[in-house]
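Notes follow the structure.
Every chain is named by a letter (A, B and C) in the order it is written, and numbering of its residues begins at 1.
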C-alpha cells in the first residue's frame, strides 16, 4: 500500500513460541509481500493458529523478529493492531448488542473516520444490512461469521488474518468472502489464511505453505501445487499434544 | 476528548449498554448482598444495642461478596463472548482497557451499594444519610474495583475461576475492609467522625497506590 | 535442541557448599540454644522457641522481598532465571512463614495464655501467608506455565506492596480494640547480651539454610524445565 514504507507486509525471522515449556513454533521464517494471498496448511496442533496470534500481537513471540507492515509486533504492538484485521475462531462480538452496535463499538476504538457510513458499507459488503439491528445472539452461526468478517475489515487493515474462515459458511457466503478477499489483494493488501480445505485453499491462494515440525515446510514447491500430494502430506500424524500433560497446555490456544 | 480518555469512555458505555440489555450483574449482585444481610441477621441476632458494633461489619461483608460476584461476572461475560480478545486486538492501550473495566465495576458496585444501603439501614436500624458514610463507601469501593478488576482478569483465565478471585482478592483488600468497617462504625455511631480521620487517608493511600500499579501490571495479565 | 540450556554446574557445587555450611551452623545453633542460652527468668524454657521463631519470620520477609524484586525483573527482562528465583523464594518463604506461625502459636499459649491473638505482627504474618499461598495457587491453576509465571509475578508485586498497608491498618485497628491478653513480654525491650549473640547466630544459620533451599529449588526447577524440553525433542525424533 502506498501509505506504508515497509517493503514487506509480513516479515518473520527465527520465530520461537511455546506455551508453557512446550514449543509450538521454532525457527519459523516467513516473508509475505503486499497484495499476496498466502494460505497456510497444517495438521492439527502444528501451530497455525499460534502463528496468526503472534502476527496479530495476541501472543508474544519468545525470540525472533516479527514485523507486520514494518512495525515490530512487540515494541510497536499498537501500530500493528491498527493495521491488522483478524477473523478468528470466536467472532469477538457481544451477543447482547446488535450487529451495528458491535461494529460502532469497535469502529470507535479503531478511531475510524465517518464511522456510520463505514459501518453501513461493510454491513452491505457482507450482506447483513437487513439484519443490522438484530442482536448478535439471534443470528445463525454463519451470519455471525459474516458480521465477524465485517468487524475484521472495518478499519481497512493492510493485513488480513483469517483462521479457518470457511467454517459455518454456506456456498453463497463463501463466494462473498472469495470476492471480498480478491478485491482486497487487488488493492495491494495482504491476506494470510489458514484452512483445512485443500481445494478451497489452492484455488484462492497466490502462494501456499505447510506448517509442520515447528516451521514452514516447502513453501510453494511442487508438493504445494499438487493437491493429492498435499493431502497426503497433511494426513494427521500422532501429534505431541496427544500426550497427557501437554494436552491441556496446547489445547488452550491451538486448534 | 483526548486519545487516552476516549477509549475508556467507549468501553464504559459499551458495558452499561450490555448491562441495560441483560441486567444480570447488578440485579444478581444486589439480591446476593441482600441475602447476606438476612443470613447475618439470623446468625448474629442483631439487637438494637449491638447495631453500631455489628452493622458496619455486616454491611461490608455484604458489599465485598456482592462486589466479587459482580466483577467476576463482568469478566466472564467478556471472556465467554470473545469480547476481551476483540478489545485486545484494537489499538487501545492496555491501561485504557483496564481503567474502562475498573470504572464500570466501580459504577456497578456503587449502584448495588446504593440499592442495598437504605434496605440495610431500615433493617438494622441506623441512619444511612451521613456524608462520612457515603464518602467512606465511595473511597472503599474505588479500591475494591481497582484491585478486583485486576484479579478478575487473572481469575477468569484460570481453572476454578470462582474460587481464585476471592482467594486472591480478600487478603490484598483487607486494609480497605478494616478501614471501611471502622470508618463506617464511626459514621453510624455518631462520634462526630472524630476517629474517622485516620481511616479515610489509609483507604485513600491504598486507592492511589493501586490505581498506579494495577494498570501497569494489567498488560502482563492479558498477555499470552 | 538449541534451546536446551544445561543446568549450571557452579550452581550445584555452590549448593553443596551451602548444605555443609548450613548443617554445621545449624548443629552449633541448636547446641547454643539448648545448652548455652540461659533459661529466661520469667518465661522459662519456652522462651527458647524465640531463637527459631524470629529468624524464620525475618527470613520469610526476606524471601517475599526477593519474590517482589525477582517478579519485577521477570516482567521487565523476561528471563526465565528471574521466574525461577521468584518461584523458589516464594515456596521457601511460605514454608518459613508457616513455621513462624506455628512456633508463634506454641509461644503464645504459655506466654499470653491464648493460642492466637490478633496482634498486628501476628495478623500481618497470617495475611502474608494467605497472599503467598494464593501466589502458589495461581501458578498451579494457570492455563499454562508461561501465563502462570506472569500471574504469579503480578501477585508477587501487588502482594508485597500491600504488606505495609496491612500492617498499619491492623496496628490502628488494635489500638481501637485493645487486647486483654497482652502478656508480660509482649513488647520486651532489652535482651541479655548472651541471648542477643545467640539470636544473631541463629539469624546466620537460618540465612544459610534459606539460601541453600532457594538455590536447591532453583536448580530443581532448572532440571524440571530441561526434562520437559528433552521429552519434547524425544517426541520430535520419535515420529
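Everything that follows uses one rule, which is that contacts are C-beta pairs under 8 Å (C-beta built on N, C-alpha and C of every residue); 3 or more make two chains touch, one makes a residue touch a chain.
Source: prediction; values computed, not measured.
Enquirer: Give the chains in contact with both subunit A and subunit C, ordered by label.
Expert: Joint contacts, listed by label: B.
Enquirer: Nearest chain to the global Cα centroid?
Expert: Central chain is B.
Enquirer: Hey, which chain ends up farthest from subunit B, C-alpha centres compared?
Expert: That would be chain A.
Enquirer: Give, as an integer number of Å, the spacing between the C-alpha centres of subunit C and subunit A.
Expert: For subunit A versus subunit C, the centre distance works out to 47 Å.
Enquirer: Mind checking the centre-to-centre distance between subunit A and subunit B? Centres are C-alpha means, answer in whole Å.
Expert: 38
Enquirer: Using mean CA coordinates as chain centres, what's the gap between subunit B and subunit C in Å?
Expert: Distance between chain centres: 32 Å.
Enquirer: Quick one: which residues in subunit C touch 2 or more of the other chains?
Expert: 143, 146
Enquirer: Identify all positions of subunit A at which a residue touches two or more other chains, and write them in rising order.
Expert: 19
Enquirer: Where in subunit B do residues touch at least two different other chains?
Expert: Residues 223-224 of subunit B touch two or more partner chains.
Enquirer: Sort out for me which residues of subunit B touch subunit A in the complex.
Expert: 6-7, 10-11, 14, 17-18, 21-22, 81-83, 85-93, 223-224
Enquirer: Going by the contact rule at the top, pick out the subunit C residues touching subunit B in the complex.
Expert: Within the complex, subunit C touches subunit B at residues 75, 127, 130-131, 134, 137-138, 141-143, 146-147, 150-151, 153-155, 157-159, 161-162, 165-166, 168-170, 172-173, 176.
Enquirer: With touch defined as at the start, can you tell me which subunit B residues reach subunit C in the complex?
Expert: 147, 150, 154, 157-160, 164, 167-168, 170-172, 174-175, 178-179, 182, 195, 198-199, 202, 205-206, 209-210, 213-214, 217, 220-221, 223-224
Enquirer: Over in the complex, which subunit A residues touch subunit C? Could you list them?
Expert: For this pair, the touching residues of subunit A are 16, 18-23, 26, 213, 237-238, 240, 243, 248-249, 252.
Enquirer: Where on subunit A does subunit B make contact in their complex?
Expert: 19, 53, 56-60, 78-79, 81-82, 84, 86, 88, 90-97, 101, 105-106, 108-111, 135, 151, 253
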